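Structure first, then comments.
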């Protein structure tokens, strides 16, 4: 019987970790991909995640942007490792107006102690994408 | 009949704005206070807002920290003005472990074009409070 | 007699503004380029700009990264406009070790009220470049 | 012969580290104090550290704010430990206009792996102080 490859192990680990985040279910978010230091998460701009003017809440944008950055980092680690966000900065550049948000995370520097990550979040309506936010932060790898 | 004071107008405006944020209802958050450049928001660390290890999600901490900072700012404005977060930075210093989170927002500098704000978020269990996060960011006042 | 083009006016304005920054002379920094929302600034990692371990000081890295971001923004404005940094975040990812630093600034979103900018700073030795820092921040355009 | 106390060792270590930063000499900065998780650094707003409008450069404000935060952190560590800034965010709230800048650093959370720090920088003219900037960031303790 063949041993699952590292790649399979990591993919399963990432999927399991995402599924364990009840916040992602509350936000109806989907992990589209997480591999090789990149990841993508989408979430509808639904009726329960709005700010006072009816656009998507900054908390929604932050949540999926931060998660996309985190799973980009996790995709580079071993299957028994975890990551924690230690800090994250978000610049909001346009209202979150559209059908759903799409966050793309990316590892900029995978240090041994700390991983520096970025994410870009776009609002999508049909074929049209509008940049909504940029994030830049730090993930702390936790080794067993 | 007396005209409602500015203070009453602003308090009503703040309450109405908070009530219009469906995200705050989704997170079961309560605006405890917003007055004179300070505000306080609480939210339970309930079953639907967790990260993969079972603690409160960074997205929850961010959401109420950012909102507390925003309503601190709004409490200094006129009843027909709004604020938008333009950028926010969060440092997460401990896991969000406890019964609920309490975010205290504060205006550090009320400029004409931009307001610089901070917030501190603590996790509370019974009488015990643990600092969970510090936020520092910018609110953009929108005048009609 | 032809009127100087907008492009010439802006280039002259950028050069004049950079020359007026005595801090850039103190750091021996050079504006290599600023055009179309991009800019590049270099500065030697000389004997007077070190931190305690002998590498380039974070203050040097920040100074030229922030300036590169600022001139990227200024390159999109009219010749009588100015920009101010309102906030800037820097993640330092490696020691500033090499002959000189090269900061590349970029406008990510040119809003009417605020411009969101990023910069990347690399340490250069001969042909080799090492990423030293990432910056993300906000410039405030000042119109006369 | 008595062994120097830890307090003396740490004070000497902090002073030695500051003296080894040539950037601080270039900026004519003085470490006024560093003890118990707090520190203070001052620097004149001299002719060589200006931005294009004649005020103190954001790079000066950042440099002494970041250093004040770093020495606040170092004051809590053992004499053979070091700290590195991993990330720092600065909000600039007023022009750096006055005789000198005074930066006060403070440790907000002294974790084992990471220390979260803040600093406030004021411009001082005679008896008058104006808040110029707020910083919030992370120091990485390096143990031998």
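For clarity, chains are labelled A, B, C and D in written order, and residue numbers in each chain start from 1.
The definition used in the following text is that a contact is a pair of C-beta atoms (placed from the backbone, for glycine too) under 8 Å apart; a residue touches a chain by one contact, two chains touch by 3 or more.
This one's a predicted model, so the numbers in the text were calculated from it and none came from an experiment.
Participant: Given the two chain pairs B-D and C-D, which is bridged by the higher number of C-beta pairs in contact?
Facilitator: Between the two chain pairs, C-D has more contacting C-beta pairs.
Participant: Specify the chain most distant from subunit B by Cα centroid.
Facilitator: Centroid comparison gives C as the farthest chain from subunit B.
Participant: Round to the nearest whole Å and give the separation of the Cα centres of subunit A and subunit D.
Facilitator: Taking the mean C-alpha position of each chain, the two centres sit 34 Å apart.
Participant: Just give me the whole-number Å value for how far the CA centre of subunit B lies from that of subunit D.
Facilitator: Here subunit B and subunit D have centroids separated by 30 Å.
Participant: When the centre of a chain is set as the mean of its C-alpha atoms, what distance in Å lies between subunit C and subunit D?
Facilitator: Here subunit C and subunit D have centroids separated by 23 Å.
Participant: Which positions in subunit D touch two or more other chains at once?
Facilitator: Residue numbers touching two or more other chains: 86-87, 89, 91, 137-138.
Participant: Would you mind writing out the residues of subunit C in touch with subunit B in their complex?
Facilitator: Subunit C residues touching subunit B: 86-87, 89, 113-114, 137-138, 140.
Participant: Report the residues of subunit D in contact with subunit C in the complex, numbered from low to high.
Facilitator: 17-18, 20-23, 25-27, 47-53, 57-60, 62-64, 66-67, 82, 84-92
Participant: For subunit D, which residues count as touching subunit B in their complex?
Facilitator: 89, 91, 93-94, 108-109, 111, 116, 118, 131, 134, 136-138
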